[in-house]
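In the two complexes below, chain A is the common chain; its partner is chain B in one and chain C in the other.
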Partner chain A sequence: MTTSENHTQSTRPIWVRIGITFLILLIAGVALLVAFNRLKPYAFHGAILQSPNPAQDFSLTNQYGQKASLSDYEGKVVLLYFGYTTCPDVCPTTLAEIKRALTVLGDRSDEVQTIMITVDPERDTVEVLSEYLAHFDPSFLGLVGTPDEVAQVATSYGVYFQKQETDSALGYLVDHTATVMLVDQNGYLRLIFPYGTEGSEIAEDITYILDH
Partner chain B sequence: MAETLRKKRKFHPIYLLYGLLAFIIVSILSFSIFKPIKVLPRISLAPGYALTNQDNEPRTSEDYRGKLTLYTFTYSNCDGDCPEVNAQMQDIRTLLEESASDTVDYALVSVSLDPERDTPEALGLFAEPYLGADDSNVTWDFITGDPLHMKYMTGGGFGLFYEPKPDPNSADDYEIDFYPRFVLVDGWGIIRSEYRTAELNYDEVLDDIQYLTDEIANSQGAAKYAYEAAHLFRCYP
Partner chain C sequence: MKFAEKILFAAFSILLTALALVACRPAGPQIEIKEAWGRPSPIQAGTGAAYMVINNTGSEDDKLISATSNVSEAVETHDMTMENDVMKMFRLDGIDIPAGSSAELQPGGKHIMFIGLYNKLEVGQVITVTLEFEKTGQQTIEVEIREP
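The block that comes next holds the complex of A and B.
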């Protein structure tokens, strides 16, 4: 029995044995690659937070004149942005990138709610916000409150804002932190995207969060 | 001939696969057990603010983006048994000046708990004995501003409770009741460590700052994955 086994083994041509070895190494290599891709932590484009507490809730007025809270959107991924309508470049660029992210997400964009809270509550009335956001995406929500209410929400989200007088016809500008924040389906602040993060990168991160 | 062939069979290529699998499993296990890289948790977002410093210059949370910043809380009328946080911040500053890093800047910020009385001028007088020469590579600002916004910042954002209470020695004076705290914030504006103490353990703070400095230095390329893995496995000191 043993001799016959040895016999078959020894009659196997050398190239068959090399072929088998090569095949096994190939399978092992592929398995390793798959394992690495599975085990490798996903590298988010935004900065990650591991906050043990849910994101601060707020209640402000939306562009349709109704009260809206962060908690209304539990179950959705919320992209939170602080900006204002007369903002010359940063805000339109950011909102356009968010819009691009939603386009990349396609049908899954239904699982995302974009909220812009105005840092210029004196000029950004409900009507102004409504008209402005319609230019970007009908699903975008614009929120406004009293200056103190807005200041409280902005502070808790690490956002500063300050009026800057200018000579321009637009009147004053508002300097503000231009990050986009991502609150996950369970209401936890998970990611902060710096200004300049591309829509496709935001979409990748959202996809990961929706899937995990 | 048959003998050599049998010996050869012992080195079946399948063993390579087993070896590789064992290697992966052992690496992952040893990573989670020995925690070769230490990281600090990303606790929560530090508050945003636009305030004024002791030299009447504007200071906002954006000024500290990209820097490792140690915050503490105090006020200029603080007397007697008030925790001596200024001297501790001064010590930390000296230690940080010595261990200056090429990859990241360090900053110190003392936040006023009594903005009603702490005008920038009052803070200037309060800070002067501690600030020393201007040429330090570790900036140190004392900041004050609108009391309501400061309440949002300190009470809301940093979660520090404080309230005025009457001074037993004088009827029209008041003190601020608070638990001393130091907070370490990274360049993203994320709180990475909190020290709820009146007496800072300098070694602990410097170690934490070193962990963050290392993390920033290794935030590119393959090392980034090791650091993300360290966060995943909660390799906290």
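The block that comes next holds the complex of A and C.
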């Protein structure tokens, strides 16, 4: 018996043996790769912030004329953006990318609240904000306050804004930090997306945060 | 015709053709505007922006000095910079279009800005904008409003 088994093995053609070895190595390699990828930490598209304290709460007026606070949205991921409605280029681009992120998220977009705080409280009245945001997404929240209130909120988020008098027919323009901030379900500031981050990338980061 | 005459005639013809070609080459700037589009604007009395590529295939520099349109009270050229995540926008006194070069007006950079829109700008609408160049003069273009 033993001799005949040995005999069968040794008569197995060399290419079959090479083939089997190769297959085993291939399977082992793929398994290793998969394991390695599982172990590799998720790489966020936004810049990571690790703050020991929850994000500063604020209370401003929304586009429907009601008071709204950040804490109203605990349990949701909040995307926070400071901009203004007469900004013709960067603000609409950013809001359009957020809208794209929500489209990618599909049903899960219910777990996200987008808030735009105007850095131009003199021109951006409740009515203007309402008309403006409805164009992008009716779920977007627009907040306005007195110039002092807005400045206070912006400062607490490290957001810079400055009116610039120009010879433009628009009168003044507003320089402003153009990032999108992400506050997680527990109220912690977690990520900052620079201008130009794509909607699909924002959506990926939101999905990770919702799942972990 | 003698052989020498023939040669002379041929040489003369070539010279004339070459001269004619040189004379026909566009002297001065040659402005060509492509890929013009504008962003929808959700609020009346608000602002809008248009983008395009302006080519100058001629032999002389030109400059876009102003623009007008019947959609808004004012039309200006603006540019912006991004420094440490801070967006700064500013008005330009024109956009240079050097000879053999082009200017790209695109989101996040130079753009034509409409101020004080008489009406909202909606997707699908086509608006007319007249651009005034320093040397070429006026060029009227159609700008389609669409999502970026």
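Please note the rule applied: the second predicted complex is superposed on the first by the 188 of 212 C-alpha atoms of A that agree within 3 Å, B and C clash if a C-alpha of one lies under 4 Å from a C-alpha of the other, contacts with A are read in each partner's own complex, and residues count from 1 in each chain.
One rule holds for everything that comes next: a contact is a pair of C-beta atoms (placed from the backbone, for glycine too) under 8 Å apart; a residue touches a chain by one contact, two chains touch by 3 or more.
Quick caveat: nothing in here was measured; it's all calculated off a predicted structure.
Shared-chain residue A:I48: touches chain B; no touch with chain C.
Legend: residue contacts after superposition of the two complexes on their common chain; A:Y64 is shown touching neither chain B nor chain C. Applying the stated contact rule after C-alpha superposition, one finds that A:D89 touches chain C and leaves chain B untouched. In the superposed pair of complexes, A:E131 makes contact with chain C only, with no contact to chain B. A count of residues in chain A touched by chain B and by chain C gives the higher number to B. Residues 160, 175, 177, 192 of chain A contact both chain B in one complex and chain C in the other. Interface residues of chain B, counted against chain A in their complex, comprise 1-2, 5-6, 9, 13-14, 16-17, 20-21, 24, 28, 41-50, 58, 60-62, 148-149, 152-153, 156-157, 188-190, 224-225, 228-229, 231-232.
Every residue of chain A that touches chain C in the complex is listed here, in rising order: 85-90, 92-93, 96, 128, 131-132, 134-136, 160, 164, 166-170, 173, 175-179, 192, 194-196. Residues 39-43, 46-49, 73-74, 76, 78, 80, 82, 85-91, 107-108, 111, 113-116, 147-148 of chain C are the ones that touch chain A when the two sit in their complex. Interface of chain A with chain B (complex): residues 6, 9-10, 20-21, 24-25, 27-28, 31-32, 35, 39-43, 47-53, 56, 148, 151-152, 154-162, 175, 177, 181, 189, 192.
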